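Below: one structure in C-alpha cells.
Naming follows writing order (A, B and C), and every chain is counted from residue 1.
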Amino acid sequence: MKIRTSLRITSTISILMMLGSTVGTFFAFKWLRQASAFELQLIDLQGDVFERTLLRDEYLLMARPQSLVRWKQKSLEIAGHLKDLSGRSLSPSSALLLDRMNQKFQATWALLPRIAALRSSNEGGESGKGSTWRIEQRLTNQLLVDTYLLSDSTKLLLLEARRDSIDERNNLLLLLALSTLALGLTVTSASTHLNHLLSRRVAVLKTWTYSISNGKLDYRIPLGGDDELADLAREVNDLAEKLQRTYESLEATNRELEAFSYSVSHDLRAPLRHLTGFVELLWRMDLSSLDVKSQHYLTVISDSAKKMGCLIDDLLSFSRMGRGEMMKRNVNMGQLVHEVIAEHAKDLPSGRFIDWRIGTLPTVVGDQAMLRLVLTNLVSNAVKYSRQVAAPIIEISASTDETHHVLCVRDNGAGFDMRFVDKLFVLFQRLHSSEEYEGTGVGLANVRRIITRHGGRTWAEGEPNIGATFYFTLPQGPEG
Amino acid sequence: MRSMIRHRAVARAMSGVLVVTGLVWLALFGCRNKQHGQLPTSVPIAIACPRNISSSLVIIAKEQGLFYQDGAVVTLIPFESGKVSLERMLAGEADLALVAETPLAKAILTGGKLSILASIHQSSRDVAIVARKDRGIHTPSDLEGKVIGFTQGTSGHFFLDTFCLVNRIGLGSTTFVDLPPLQLRNALLDGKVDAVSTWDPHVAFLMDALGPRSVLLRDEFIYTQTFCLVARPEFIRDHPDQVKAILTGLLSALKFMSGSSTQARDLVAAYTQVEPSLVSKAFTGHDFDVRLDQSLMLSIENECRWFLDSGAVQNHEIPDVLSYFYLPGLLEVRPEAVQVIRDEQGGLP
Amino acid sequence: MGMDLKKILLVEDSPNDAELTLEALKTARLANEVIWLKDGQEALDFLFCRDAYAGREKVNPVLILLDIKMPRVDGLQVLKQIKEDARLRSIPVVILTSSREEVDLLEGYNHGVNAFVVKPVNFNEFLHSVSALGTFWALLNEAPPITI
C-alpha cells in the first residue's frame, strides 16, 4: 500500500487512540474525583458521628440540657449527610451499609430523647431502681448497641469508599500507561516499518543513481510493491530507458559525424588538390601567350582553391575539437601562456616589440592540448589585430568568481563594434575583411567549443580602434 | 520485500512465544491452585440450622454448594429454634449451630463450650408481637391483662420483656405462656393465646393466616437481634481450614443473595416451609452480613446481665465474653469485618 | 649502378592525383621508373606475381607509394598483405593520402607502414614533400637488398 496511505492510517489510529485515551482519562479522572469526594464526605460523616457520640456521653454523664441540644443539632447535620449520600449511586454492598447506617441513625435519634424524657420524669422524686430506671437502663443499652453499629457501618463504608478511590486512581494510571504504551507501540512500529521500507528502497535508488552516473545505462531497478517508492522506481526506470536511447542515438549521431568528417577529409580534399595542382602546373608552363585577363582568371582560380583548402582544414580541425577525447589533468595556465608566447615570438617579424603584461594565472583542470589551442588562438588574434598599433600592449590576467576562474586576454589593437559581438564566436563569421586581416574565422569558434566542453563560458568586449578583451571561464576544481 | 516478510515473520514468532509462555504459566499456576486446594479426604460437617429467616445465608450456601469448594460436605439439621440448635450442638449432635444472641448469652453465662465464628444476620424487625385484634388488642398497652405466648430463653422472650417494660405493661396482671415456636403459632391461630412474641417466618405466616384479625406490634428501636454461627471448639481445633472455607462460603452466599434474590428467596422458603411471598415480605429491612462487631459483644453482655437479674440463671458471673469469639477465621477471610474491640492478642484491652 | 632497375610503385586510383604525383616526382628529378597501378587488387596481383602479372619482371620495386582510399581493395588492405608477406615485407611503403584521420594513422602504423605523408592541398608544398621523400628514400635511406 502507499506509504502515504499507511502513514495516514497510522496517524488516524494515533489520533483515535489519543482521543480515546483523552476521553477515557477525562472520565477516569471524573470518577476519581467523585470517589475522592465521596471519601471526604464519609470522613466528615465519621467525624460528625464521633462528635455526636461524645455529645451523647456528655449528656448521659453530666445531664446538661445544652449537651442534648447540641446532640440534636449534630444529629440533624448527620441526617443531612445521610440524605446526600442516599442520592448517590452506590455499589450493592455500599448501599446495604448506608441502609444500615440510616436504620441505626433513626434508632439512636429516637432513643436518646426517649431516655432524656425518662430522666426528666425521674427528676421529680425518689424512684431509685424503679421501673423508669430499668427502662432507662434497657434503652441505654440498646442505644449503645445501635451507636456501635452506626459507627462501625460508617467505618466500613469509608473503607469501601477508600478502596474505590484507590481503584479509580489505579484505573486512571493504568489507562494512562496503556495509552502511552499503545501510542508508543503504534508510532514505533510505524516508524520502524517506514524506516525499513525507506532505507531499503532508498538504497536501491542509490544503487541505480550510482550505476547510471557511472555509465551503466542498462541498469533497471527491480520493482516491487505498489507504494510511492515503487512508482518512483518505475518512473526512474523509464528515465533510464530514455537516457539509454538518447545516449545510443547520440552515439549514432556521433558515429555519423565521424563518418562525415572522414568523408570530408578524403573526398572533398581530392578534387581540391587536383584543382590546385593542375593550376600550379599550368603556372609553370609558358604563359606568355595568355593575355592579362586570362592570367587574372587563373590567379583567382588558384587563390580560391587555396582558400577552400584552408576552410576545409579549419572545418576538420573544428570538428575534431568537438569529438576528440579530453584528457583532463592539472594544467598550469601561467606556464602554458609563456610557452604560447614563446612560440609566437618565433613567428613575429623582428623589430616588433610587444608589451606582454601577464598576471598570476591559476592551475586548472582540463585538456592541455585543447587549452593550448585556446591560448594560441587568443594570443595570435591579439597580435594580429595589434599590427597597426605602434605600442601594442597585450594583457593576460585572471580572477575568480564563486565557482569559476575567469581569464582574459586584452589588446589595444583594432577592436570591434559591439553591435556585432554575437558573430564573433560563430564559425567562419568575421568582423573584418580578409584584406584587412587574414583568417577564416575558425579560431574563436574553436575557442568557444573547447571552453564549453570544459564547462566554461566565453564572451568579449571591444571598441573600434581602442582594443578588445576576450574572457573565458574555467570551473574551479579540487585543485583550487 | 524480503525484509518486510522477515519483519512479519519475526512479529509472528514473537507473539507465538508470548502466547505459549502465557499458556504454560497459566497451566502451572492453575495446577498450583488446584494442588493447594486439594484435601486428602472430604470432611462431613453438621450444622444445626433452625428454620428461621435469619438462617438464610447458611441455607443458601449449602443449597448452592458454596460450601463444597474445599472438600466440605455440609448437612443441615433443622430445628424449630436457635435455642434448640445450640443445645443440640453442645450435646454433640452437630459441629456448628445457628443461634440468636439471647440463647447464646445464656449458654456463655452457664459456661457452655462454644466459639462464635461470625454473626450472619441482624435485625430490629425480625422479632415482633403478633396479636389478635379480635381480642381487643390494638395498641401496646392493650396487651395488659391478656394471655401472651413466648418461648423461654429466646430472643422473643427478651423482646417481650423489653417491650412490656418500655410500654409499662404490668407483668403481674398479664399471663405469659411458654411454648415452642410452632406451638406458639398454632396457639395464636386456635385462639388459645391473645398474642405471641415470635420471629420470622412465623410473624409473616401469622399475619398472613389471621389477615385482618391480626395486628403487628413492633418496635424497631428497642431491640436488635443478632443471629450467630457458633462452633464446638474441638471442631475449630481439628479443622481450622474448614472454618475459613465455611466463612468464605457464607460470603459467597451473600453475593448470591444480592445477585439472584428470587432464587435465594425460593431456597429459604423451601427450608423454612413457608410461601415464597411471605419470605419476600420477611426479607425487607433485614441486615444480612458476615461480621463480628462490638454491638454483638455488648448485646451478649446486656443479656447476660438480664438473665442474672431476672433470676433465670443464678450463681454465675458474667465471663470474659471476648474469649468466646473466634477471631482468626474471619480475620483471615474478611479482616475489616472484625470490629470487636480487642488488643493485639485478641483478649480484652 | 642499376639505377634503372630501381622502380617505384605508385598505387593511386585517381588519374589526376597520379598525374600530379608523377609531375612532382619529375620536378624533383627522381629518375626512377614509376609503375602506376590504379587499384589495390591490381597492386597485389603485381606484387604477388599473380594472374595478369604472373610473368612480370622478378625484381620488386624499391619503394611503394600507396594511397588509402581506393575502390575494392583499399590501401590499408594492400599494406597489410604486403607486410605479412615475408618477401615483400622489407619493401618500404609510404602512405600518400588526402587526410590524416587518426584511425587511418593508427591502422597504418599498426600494420607496419614506414611513413605516412598527407598530400597538402597546396601544390608547392606537395612538391617539397615529394622532393623530401625522394631525397630520403632514394638517396639517404639504405634500401633493403634487392629481392625477388
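Quick note on the criterion: a residue touches a chain if its C-beta (ideal position, glycine included) is under 8 Å from a C-beta of that chain, and two chains touch if they have at least 3 such contacts.
Only a predicted model underlies this, so the values are computations on that prediction, with no experimental measurement involved.
Asker: Taking contact as defined at the start, I'd like the list of chains shared as neighbours by subunit A and subunit B.
Answerer: Common contact partners of subunit A and subunit B, which must touch each of the two, are absent.
Asker: Could you find the chain whose CA centre sits the greatest distance from that of subunit A?
Answerer: Measuring from the centre of subunit A, the most distant chain centre belongs to B.
Asker: How many angstrom lie between the centres of subunit A and subunit B, each centre taken as the mean Cα position?
Answerer: Chain centroid spacing, subunit A to subunit B, equals 79 Å.
Asker: So the centre of each chain is just the mean of its C-alpha atoms; given that, what is the distance between subunit B and subunit C in Å?
Answerer: Spacing between the chain centres: roughly 142 Å.
Asker: Could you please state the distance in Å, as a whole number, between where the Cα atoms of subunit A are centred and where those of subunit C are centred?
Answerer: For subunit A versus subunit C, the centre distance works out to 70 Å.
Asker: Multi-chain contacts in subunit B: which residues touch at least two other chains?
Answerer: none
Asker: Can you list the subunit A residues touching subunit B in their complex?
Answerer: 92-93, 96, 99-100, 103, 106-107, 110-111, 114, 131, 134-135, 138-139, 141-142, 144-146, 148-149, 152, 155-156, 159, 193, 196-197, 200, 224-225
Asker: Considering only the defined contacts, which subunit A positions touch subunit C in the complex?
Answerer: Of all residues in subunit A, those touching subunit C are 261-262, 265-267, 269-274, 276-281, 305-306, 308-309, 312-313, 316.
Asker: Which bits of subunit B are touching subunit A when the two form their complex?
Answerer: 1, 3-4, 7, 122, 124, 162, 165-166, 168, 220-224, 258, 285, 287, 289, 293-295, 298-299, 302, 336-337, 339
Asker: In their complex, what parts of subunit C are in touch with subunit A?
Answerer: Per the touch definition, subunit C meets subunit A at residues 14, 16-17, 19-20, 23, 68-69, 97-101, 103, 119-124, 126.
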